[in-house]
Amino acid sequence: MSEYKALKKECYEANMMLPKLDLVIYTFGNVSCVDRRKGVFAIKPSGVPYEILKEDDIVILDFDNNVLEGKMRPSSDTKTHSFLYKNWIEIGGISHTHATYSVAWAQSQMDIPIMGTTHADHLTEDIPCAPPMKDELIQGDYEHNTGQQILDCFNDKKLSYQEVEMVLIGNHGPFTWGKNAQKAVYNSKVLEELAKMAYISLQINPKAPRLKDALIKKHYDRKHGKNSYYGQN
Amino acid sequence: MSEYKALKKECYEANMMLPKLDLVIYTFGNVSCVDRRKGVFAIKPSGVPYEILKEDDIVILDFDNNVLEGKMRPSSDTKTHSFLYKNWIEIGGISHTHATYSVAWAQSQMDIPIMGTTHADHLTEDIPCAPPMKDELIQGDYEHNTGQQILDCFNDKKLSYQEVEMVLIGNHGPFTWGKNAQKAVYNSKVLEELAKMAYISLQINPKAPRLKDALIKKHYDRKHGKNSYYGQN
Amino acid sequence: MSEYKALKKECYEANMMLPKLDLVIYTFGNVSCVDRRKGVFAIKPSGVPYEILKEDDIVILDFDNNVLEGKMRPSSDTKTHSFLYKNWIEIGGISHTHATYSVAWAQSQMDIPIMGTTHADHLTEDIPCAPPMKDELIQGDYEHNTGQQILDCFNDKKLSYQEVEMVLIGNHGPFTWGKNAQKAVYNSKVLEELAKMAYISLQINPKAPRLKDALIKKHYDRKHGKNSYYGQN
Amino acid sequence: MSEYKALKKECYEANMMLPKLDLVIYTFGNVSCVDRRKGVFAIKPSGVPYEILKEDDIVILDFDNNVLEGKMRPSSDTKTHSFLYKNWIEIGGISHTHATYSVAWAQSQMDIPIMGTTHADHLTEDIPCAPPMKDELIQGDYEHNTGQQILDCFNDKKLSYQEVEMVLIGNHGPFTWGKNAQKAVYNSKVLEELAKMAYISLQINPKAPRLKDALIKKHYDRKHGKNSYYGQN
């Protein structure tokens, strides 16, 4: 029996949530999760429809993108995942989708402004949209450079990946992450909902303001602060 | 057996309607209901996903927010519910969601105008959007003050909570209520539909007028007036 | 056994299509059908949710709105139905919904322009939006006058009820009809789809033109003309 | 047993995907597929609802539109299909729908601009919208001329049908194709998603730019280029 059985199971189940949550059609998306102790991660194979995906199809790689187990080719976005796992040592799972409203904001090349408490329950910042990559980087090691593009965006905007667990790649779409694969997928769904809410809000009132600082702080802290009182602990 | 069994059942079943009616994802919402004779109310526990929520997880509190029964922490919005039960003595249930179109209007900080008979079948006024709270109130007893904010909004606009069973909290989202938990949830669903209809109407025709007074009165009265002829009695 | 059993069954089954086709929530809608030989029609009882509606709850009335069979109060819109059956002697079924996009156009008080062949496959005219009623008519026999309002709108615009089987009541919502109840419901669904398509088309291109006459004629005739070649005959 | 059994099965199953993928209501659409060796194609019968469609109802025709097998009248769009099969000898299946967002762009008479990598994963060009036909062509052999209209559009814009597997007919709706019926339906679904994404993107930011050339090339090539690395081969 594979020594990666539990990791493959986590990865498989998180991937299967994407179509169930209406975040992908056909093969549009991929989720991975990491085993930090072993220095490996599990990811969806490339181009396999969710209806026929099996737990055993999940591919295991090390952080240098060497396949350790699995008969299939890993997701074409694999190098973006490994780049993030290498650089952001506290994340346990990554999810990438082409969900409609998230992609629409990415295609509009605009950050999603923080407009309400639904947003502040999850993060205190606008959801960043990384600008499109320079041509020479696109023509180079594209998926590796996509990881670099995310990192640069977070550095430029002085964001913390522990607090902001989501990003839009300009003209492409969303990447989200979290302590495990399930949380990464949760963030994909929340992002899609925030993207839809912000879109409609600005259609109703193009001058609608950002959420005021006191409310941002209050809602984030009651869920994530040291005196948080949301949820069961 | 718990003396609150019936109350917990009503509360549980009303909470479970929220995801079924597409009003919430994950843990975004909570419903409560009251037993006026006993001076207690039942509410969803905080942060528990609907898929695993059980009837026995429902928490029973008095109006001063003391837990009388239940092992879990009650909803983080509990003090808003108790505040409303204390001040509005005829309501039997309260529902809070983050439904998409309702939140979008709340984020736009605009009342939802009464534009048609679907609206007038339920209330004769624009659906009020309470302005965001002052910073010192946010930093204070926030959820209690949210209840106060709703009350102030109704006083300022001279609205009756028996006739207008719904409100938007600016930048946050909707609260609705009614004679029991089921009616409160019904109002959440109706509000979401009215919010979507008004949004699309104004996209089609930004100058579309409010409903004329005679139609407002006619539709409200045929359902709620003393000579009402809608429904079975 | 009731002599109206077949009529009640047709009425019941058509009503149950409304929630299945996502045209109504709760009790927002009603369908009727007629037996011309007997001079009676069957209609949904007022305010009964679809989940608990039974075939036996359907009410039978004559065209003067006298209940001939049924223990429940008929739909509050009954007099609009009877008015149309009396005046338009070739229709066999009527459907009334509060479907979202249809209502939005009604609230915008605008005709739905014919913009494509999906529309022309069903009718050659813009979908008429009847202007709101005069106050004295609203305060009078409202539901009867709603029927009159539809008739006046068709007379003013020189429309044929056999060719245009749908109308929007300004600020209220859609009524549709057809040779039987099933066709009336079909028209409610088609109208909702045309309403959504026209809305999005005009959002994309506010100057998008009406469909040209030759295409209107071609698509209508291939389905409804004397040399029609659409469908099996 | 019919010598066309396999072809009819492929055609039937692809047609049944249309309602399942929310691309059609009622009878709004048709899919065909071809047997190049035998010089025949299979197509949905005209006006038959998907709920009652049976594999045996599928009609077999030659490229001159003579029915070779089947008791029902073939789709009213049959001549458009046969025209495309005759002229574009590498396609194996064609799908036609009235999907909402695709039709909305067709009604707006605008090409769908390439705005992101979801689009570039499938084609490198804007999705063409063929202008409405001249009146004399509409009044002539309309469905045959619709095929000609598609061909002319591809010639005018110097597009390759092997690379661009989709088109909008102005004021009408989408046609898509591919190596077989299943791929044609896949392209109908992808087109609908691209149409929705582009619509929302331009609502958010009317000045959002087209995707830059380097990204168009990169995404198309990683899936379709000679060194493609997407999917399993």
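First chain written, first letter: the chains are A, B, C and D, and each begins at residue 1.
The rule is simple: a contact is a pair of C-beta atoms (placed from the backbone, for glycine too) under 8 Å apart; a residue touches a chain by one contact, two chains touch by 3 or more.
Model, not experiment: these values are computed from the prediction.
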Fraction-based call for chain D against chain A, same above half, different below: different
Per Cα centroids, the chain farthest from chain D: B
Size of the rotation, in steps of 5 degrees, that lays the CA trace of chain A over chain C: 180
Approximate Å spacing (C-alpha centroids) for the pair chain A, chain C: 46
Whole-Å gap between the CA centroids of chain C and chain D: 33
Sequence positions of chain D contacting 2 or more other chains: 202-203
Touch-based graph of the chains, sorted into line, ring, star, complete or other: ring
Interchain contacts, given as pairs of chains that touch: A-B, A-D, B-C, C-D
Chain B residues touching chain A - in the complex, by the definition given at the top: 25-28, 45-48, 72-73, 76, 98, 100-101, 103-110, 132-133, 135, 138-139, 142, 171-173, 199, 202-203
Residues of chain C touching chain D in the complex: 115-118, 186, 189-190, 193, 196-198, 200-205, 208-209, 211-212, 214-215, 218, 222-223, 229-233
